[in-house]
């Protein structure tokens, strides 16, 4: 990994550390705080508000949830669990409560994982009123019999759902769509890696000297956010989006992963498979049956956007998933740098993947353009092989990505050689 | 195997035992007797007669053959071979003879199998006048030199070819076509298993509360019968048949077998492969080159009906094939029950294989329909996975069978879940 | 290998021996001498001349090159290298020179192969003026320090490029296109095997009692020759050519090889793969990335002729390639006979590959045509299996080649059986 990429990794890890303590959920102050921070990284980000109760296809925007404090106190007044210590301690969307309960009555309100005694699990109850606390199994087993005071000072009331988007214009109205989510509290791989990588991608895209495509980046609460966004942008997205990625789980160091779009063979899929095969030939390839994030909506029947996913360790597959162990020691600067670079390379492929067409019939005479050795000895033609291989597939049917695949070459190698051929007018590119 | 299925197996074996002694051939009293017995099981069965000499494509209906008696007598008046003992003793379609021959002249009229000394082979000479006797090789070797009196009191004369058919109406005129044959004398797997299984299938079909498709079941002499049937029903069948099976070799206990249609990828083929893979993952899969029964006609060029075969041990592959050893000890109640059940499941797939289409864009909110857990913890979504997997493929392009294949689930599981989704109006089915 | 084929191999080897010493190049007297010799084998061959400077697509016909003598002389007047000894000693298209050089200044003008000390390499400089000598590395290392007299009495002047062609008419104007090259000096596999095999193929084609297709055979200098030929015949070839082969490397005994057309699935490809799989199941199958001869032009984008290659050892893959070791001991009579026979069988497939269509619906009654046994016993139908297998695929969609593949039979077996079926009017052939 080169130094520039290392530096990017460190920067991303710093952003994630800033955002880690915020109590995000589908709605509420934590989401707004997060979006405002991301706006600081990319001032073009617009923050939108959708009122509670708004209908989006089969769904309705839930009430806004905010929490003042929440704790569990024993008879001696000790706070044995406190939301202030870790925001995973509180079940997401817990309704307000102020009540004394016997430990045995309390048990059904407690969530822990027996097999992972040091992990606080992540639990939510978005769409049915409930409340509860999460704790490590070790903590739970240490609770003495007796009475406990459960206090949750939360509000569930009409408010708004927030999301952010950035549109970075290009030479055409065809769009590349990138989505990540901002609704999980203190977890690093399955959440913060996504928004920080996508923020860095936005900075990279803005700095490109030119862009063929327009880039649309959205920062939304998962599921309800993508459904709301689709419900208000469906026609536009279906008409314009030519590729895209759902950005999640981009930050650990263990592996690279690919999850296909529902169609499985879109440009996004082809780019992802090509890029990952060159970064890590052992990358993990999942199927549509392994889906689990907003690709569920983007690729649903009738929506059918070409959205694939490149990830480090995929959601649901790492033991830290949806627990307090998914933290900033599991997610590392090099892990984030690798996730960023994989996505950046995919976008490079999409942006530069033209269809070359030869301008002359038969092989051109490369020699007169100094692209072929003057003296022909055994093996001397090898130096011009890449040019000739690109030319032989420059039939208006193969795009550069399929040519790179045919030649077992990384896309940039083929792309640069094609640019040389275009400069001497031996191909045109559409 | 559940008790109901065991009972069906016993019932089928009893029917086969009743029909076993009858001397069936392409034509004659034995076929009529058999069809009348089957009419007793399903009174809707209509018996048809086609006069000898009727042209059917490249063929002509042969004369009707009936036998009073046939035997081979030695000089002492002992009947060393007697048609009355086993109807395989007589070459099918033997012309009449009454003649004394030396053993050595008789030999070319005798048929036995050296490698299977206890089997009487099944031999016919339908389309060229001839006569002969079949016997075990052990019997043959015990024949003493000397003169023998060959007596065959048979008639080959203008008459009729008979076949039966049943049409069980459904909600549409689209048809499922099922064919079996009634032209083999005393053999159990390669013949009687077919008509008895198909008779039980007819009873099952009639008792269904509703049928989407019309079911056409034919009981015919093999080859000439299917050719005659096609010659008079071709346009109707080509216009209406959407799936079908040739029903043969349904009664032994050794294995399950699949023979494709000529096209290889029809609904019948897909249903057969799916059902057998769930009944017995080690089922034997043959190719079109292994064909041998009436599928040869139903799938011939220009006919092209979607007819596949599910079988137990396939014709030509078991040592008892076309000998007296293919009897009711080789064919068993559980063997027949298994054959019946495999075919019934294939028909269940065909009948219920609709194309679901989601009624809402994006994933529906299953929670508000109590189809998703209220509290979201790690793994809690698994219980609703089947619903969500069906919905994600409910795009109007995948039928339930292809969805079952994608999900590695048995068809009924997917079918029942789809019915639930239809009941809450989340999908429509075409 | 039968005697007739052995005799053909000996005849071809004799022709190659006659042509071996001639100094061929892109142009010049050696090419004309070669074409005149080939005209002796097939008087129908027409020799064409294209003036130097003629434009062909991106190329221009180079000046004509002829050599009177060329040698390297030491200070004692010994000719240490002499073009008269072996015409590979001179770099192709060397410009005239008459000059004394120190050995160290001479070195950049000398070409040898360190790893093959007894091979004179083949070197050319067609499109940039240069000169040089080629020698074995052993010779090179034995050169004493001192002055050397380099003499090349060559002419590079306006003249012509020559090529030959033969058109053998058939019943239709659809064409089979066969191309080989005549521009390499004394090398046997990578050159002379091509023109001698193609000359024998011409003789075979002319002697066929009938030809469905017209056959066009061209003998050209590689690359510039095929480009020139395409530039003047493109529309005709694109409209008429239905199959074809580039004929090269047909003479050694080591293996058989197949190089696909760019499309990869043309009739030529299918014929080549079928034929080679029956001649040698271990034949080597290359990809379009391994191309290197005139198929580069014939299959280039916008030209797209269906041209594949069957070879013995493919160019670039044998150690003798493009050196003096590629001689008439490496190329053998049996090697040439094998190359000839492989190509002849491919042409037999192309010529006879009709699409059969059954004339009757359902299976025909083969018995009444004596094509099926009168008495049916177990296994008796095997004798008619080939007929029935052809008939079942005679649906107007499968050609005989695809049927041969489905049946795992050599094409001629299927072809002969189809002819029998045609003779009894059970199929028509298109």
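Brief remarks follow.
By letter and in written order, the chains are A, B and C; residue numbering begins at 1 in each of them.
Criterion: a residue touches a chain if its C-beta (ideal position, glycine included) is under 8 Å from a C-beta of that chain, and two chains touch if they have at least 3 such contacts.
Since this is a predicted model, take the numbers as computed values, not measurements.
Counting the residue numbers that touch the partner chain, chain A and chain C have less than half of them in common. The angle of the rotation carrying chain B onto chain C, fitted on C-alpha atoms and rounded to the nearest 5, is 120°. With centres set at the average Cα position, the gap from chain A to chain C is 55 Å.
Touching two or more other chains at once is no residue of chain B.
Partner chain C is touched in their complex by these residues of chain B: 56-59, 91, 111, 113, 121-128, 130, 132, 223, 226-227, 230-231, 234, 262, 288-289, 291, 296-297, 299-304, 321-323.
Residue ranges on chain B touching chain A, taken from their complex, read 357-358, 360-365, 367-368, 374-378, 388-389, 391-396, 406-407.
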